[in-house]
Amino acid sequence: MAISRKEIEHIAVLARLDSTGGIFDRLAEDMQGIIGMVDKLQQLDLGDITDQIDTERKNALREDVAKPESNPEELIKPNAPDFQAGGVAVPRVVE
Amino acid sequence: MKYEAVIGLEVHAELSTESKIFCSCSAKFGAGINTHTCPVCTGMPGSLPVLNRQVVHYAAKMGLATGCTVNRLCKSDRKNYFYPDLPKAYQISQFDVPICENGEVYFYVDGEKKCCRLERIHFEEDAGKLLHDEIDGTVVDFNRCGVPLIEMVTRPDLHSSAEAKEFLETIKTTLSYLDICDCKMEEGSIRCDVNVSIRPEGSTELGTRVEMKNINTFSGAVRAIDFEVARQIDVVEHGGTIQQETRRWDDVKLKNTVMRTKEDAQDYRYFPDPDLIAVEIDDAWMDKIRSEIPELPVARYERYRNEFGMTAMEARQLSDSFAKAELLDAAARSGKVKPKAAANWILSDISKYLNDKAVELEDTKLTADKLIDLIVLIDKGTISGAAGKKVLPAMFETDETVEAIVGRMGLKQVSDEGAILKIVQDVLADNQKAIDDYKAGKNVTGFLVGQCMKASKGQGNPQMINKLLAQELVKLG
Amino acid sequence: MELYQKTAGELSALLASKEISAVELAQDVLARTDAVEARVQGYVTVTKDAALAQAKAVDNQRAAGEPLPPLAGVPVAVKDNICTKGILTTCASKMLYNFVPPYNATVADKLAANGLVITGKANMDEFAMGSSCENSAMHPTHNPHGLDHVPGGSSGGSAAVVAAGEAPISLGSDTGGSIRQPASFCGVVGLKPTYGAVSRFGLVAFASSLDQIGPFGRSVEDVALLSDVIIGQDKMDSTSCAAPFGSLHAGLNPDVKGLKIGLPKEYFGAGISEEVRAGVLAAAETYRALGAEVFEISLPLVEYALPIYYILSSAEASSNLARFDGVKYGFRAQGIEDITELYVQSRSQGFGSEVQRRIMLGTYVLSSGYYDAYYKKARAAQRRIKAEFNGAFQKCDVILTPVAPTTAYKIGEKSTDPLEMYAGDVCTVSVNIAGLPAMVQPCGFDAHKMPIGMQLIGPRFGEQRLLNAGLAFEQASGLKNIIAAL
């Protein structure tokens, strides 16, 4: 399936990647080739084999037991680009 | 032209598990910011989810209680979208194989029994909370991330805001009967999205639907539906067409506004979560879940109406509360008291006490046995009904038996005929004027009974006083 | 012979008999690192002080007479996508340039519990996407056997430091060949365990259904020893499962008489260089001489393996890497007032171009209208590939194939054309698609003295069979403990 520049830009929007910068032209070009490569799969006739729930293993479940509270100053703050008022801060989000 | 509203609901209920759905952080509401967090629920690199068994258990329980088929094999899927309250940038949910499908929920609207079909119930994780008042920007609290939810999706079977409200109330009561959700609306334990369309009355085609979000209360749902139905009729009446879109309800301004149109519909790119494996509910597990489901509110309501002869309002009030209904049924099952007598106590004095003290029945010391003892004591004449009301507070608050409370408070009724006769005769002897009035044809019974009660310090059996007084007066000729 | 030149097995014995101390050993390995690292550049971070402290702790325990596991005191390098508490874990990406995990990966806990001494975090292709280590945002790693050659990837650093004597053993991860191809290029032994055998908790995910952590060493024995440390079910990883075997090291047995070895003809066809083909076929002859039954089999679906692999792995990657959004940790683009723009700029500036390509492909194959044709079909085809391998293992015990079409190529030679790079994965990706174990070890050298590797593939949990067959070849060929001269 050929993919249009518009579609590639739409995919970039979904993926939250910049579709305006310089490297995007190259990326869009590469995408054509890569999609051509994966399109080979369309030649494979799978007969009645379909995707289904994998049942090789089932029920990796944990018991409902809660652990004590954690300290966000230790868990979150050290790696946060912007930590304020006990949490990570981001530009104002309008809901 | 007359229009019919067609309404479907998506109801989210937070499950009252101890820990979150995919990690062992506490799922409780109200902790300090980001103190219920760990690498898993904050989406740190390399962390992996492990499903909480209780979530599967609770979701299947709700499915059975709403007549769903429980899929013995189901899976988890990822719903991908970016938002600051979603730290992994995907929500783990269920897509094409939910845990429960094809249910039916029955409820009453103005005495008429209605049914709303459930398309599905699935489990998923809640998102975090964005705080806008702390700083100039937005701060993210991840405490709610990973709190388990079930989402219940109805078919478009509802046709008015009143039906929607009764459906929601039934869902809430059922969740509370199953003890799988704390149903605290103010903490967001139950939330819903509403899909509304209209069609000409008599038509069977579905109109273009509008989804409404941000509905936080059941009364809000009523207002939102009424507004949207009116809005759609207005659009159509003025020659317009309804656009498929998502609108945001504002329960303060009492109107909705467009959030998203069909064109910018999200593409969530659902796919099976490769970090989780299939969930299978075997027969033994299924039996266990089934065994935990009590008689449900609508069934109790019908039984109270049909077997106990209660009014619609009485039956509704009793069946709405699992604890009250259990209390009533235990009393009735004992065979020692009339169900109606137990119901009267529960609906009046017991409910009043609970309301006044703002406590839940299950948090008090009142038991069915105590209630039975109380009613039996009254029926036997050991205490008066009025004395019973005085005994009640101690029944909620102490471990004493009813007999002990009655004894301690000196409320035991005097029903000894000789003793009462003595009192009656003494009262008559002290009240010559009343006897004169009686002889003159005046009604003095009330006065004399009052005097007898006073003389017995309130413990005389009133029926017996009445009987013996009448007998003595007759003798006086 | 210097200590850094010894295998982990040899060092284990020297440590146990107290002929050497863990501190002496760590100092020697760190000295070797000091001497060669500027040329190899196999590490993102060398944890010199922590390593010496760990070594000292092990020596103290031994002095106190505590019973210690076999690898206590042995240095190990860890790929930089495996979370190490308090130690920078970058995935060789600008996106995580400053990320210090507040938790350990389960395998890192196991290393610590077994007294291994972490020498540092090994370089890799960014987020494990690549086959040459050139996609590292830090620096490329050089092949110790030819410094102008690539070490392979994505675990190029883990393979290179072992080949260079900067660590006797290391951990890598393998999603489509990322342990095996660099093992082949660097002339070391690498094992990709059965999917689920090793916990993925704390491994920064590339493609969750394909990723697996595995060991590198310069001998089959060393790989068995390190496998024993890391294999085991973990309640923190739902996809992990209990292996139906005990110690692989204890089970080593180089007898291959009667072993049925299948040579899938499709793996030896066009595209495989003459030297690689000849090297692997010569190994087959060695096995024949050792009494194994060697015969041709057919695995025709290998032709579809690359599309299936690139669809599945990219789809999962697009979702797994969505969490790198500039909000919670790692790189955040500066001077931005809008949340969407914060996402876009942080991700576009933080991810390298190969990662962005994979995210784009993965987003595309999952997107509305394309899901069925790509992702869903690839999942169904995955079942066919599994069935095809199951059928093959009805006929043979292990499968012998080349690892890559060529030996290590020159830095920069293939880095401009992604498709050419992807084609190099053709011999390795099927193993991940089918969830099977596979081991790579050296079987010779090409005309430029670059190592040639061979791949042994086993059925699910056939690790012991692979190690035993590998040991037999290692003993017969003498191709063991090859350290680049440098």
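Note that the chains take the letters A, B and C in the order they are written out, and that residue 1 is the start of every chain.
The criterion applied here is as follows: contacts are C-beta pairs under 8 Å (C-beta built on N, C-alpha and C of every residue); 3 or more make two chains touch, one makes a residue touch a chain.
Bear in mind the structure is a predicted one, so any value in this text is a computation, not a measurement.
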{"item": "B-C or A-C - the one linked by more C-beta pairs in contact", "value": "A-C"}
{"item": "Chain at the geometric heart of the assembly (C-alpha centres)", "value": "A"}
{"item": "Geometric centre distance via CA averages, subunit B-subunit A, whole Å", "value": "40"}
{"item": "For subunit A paired with subunit C, centre-to-centre distance based on mean C-alpha positions, whole Å", "value": "23"}
{"item": "Subunit B-subunit C separation of Cα centroids, rounded to whole Å", "value": "56"}
{"item": "Residues of subunit B whose C-beta touches two or more other chains", "value": "39, 42, 50-51, 82, 84, 138, 140, 267, 269, 276-277"}
{"item": "Where subunit A touches two or more other chains, by residue", "value": "14, 16, 57, 60, 62, 75-76, 88, 90-91, 93"}
{"item": "For subunit C, residues contacting two or more additional chains", "value": "99, 102, 235, 238-239, 318, 322, 325, 327-329, 339-340, 343, 363, 367"}
{"item": "Sites on subunit A touched by subunit B in the complex", "value": "14, 16, 53-55, 57-67, 69-72, 75-76, 84-93, 95"}
{"item": "For the subunit C and subunit B complex, residues of the former touching the latter", "value": "81-83, 89, 91, 96, 99, 101-103, 105, 200-205, 207-209, 235-239, 315-316, 318-319, 322-325, 327-329, 339-340, 343, 363, 366-368, 371, 375"}
{"item": "Subunit C-facing residues of subunit B, complex", "value": "39, 42-51, 78, 80, 82, 84, 87-90, 138, 140, 267, 269-271, 274-277"}
{"item": "Residues of subunit C that touch subunit A when the two form their complex", "value": "98-100, 102, 196, 235, 238-239, 241, 301, 303-304, 306-308, 310-311, 318, 322, 325-332, 336-340, 342-345, 347-348, 351, 353, 356-357, 359-361, 363-365, 367, 370, 373-374, 376-381, 383-384, 418-419, 422"}
{"item": "Touching residues (chain side subunit B, partner subunit A) in the complex", "value": "17-19, 24-28, 31-39, 42, 50-56, 73-75, 82, 84, 97, 130-132, 134-142, 267, 269, 272, 276-280"}
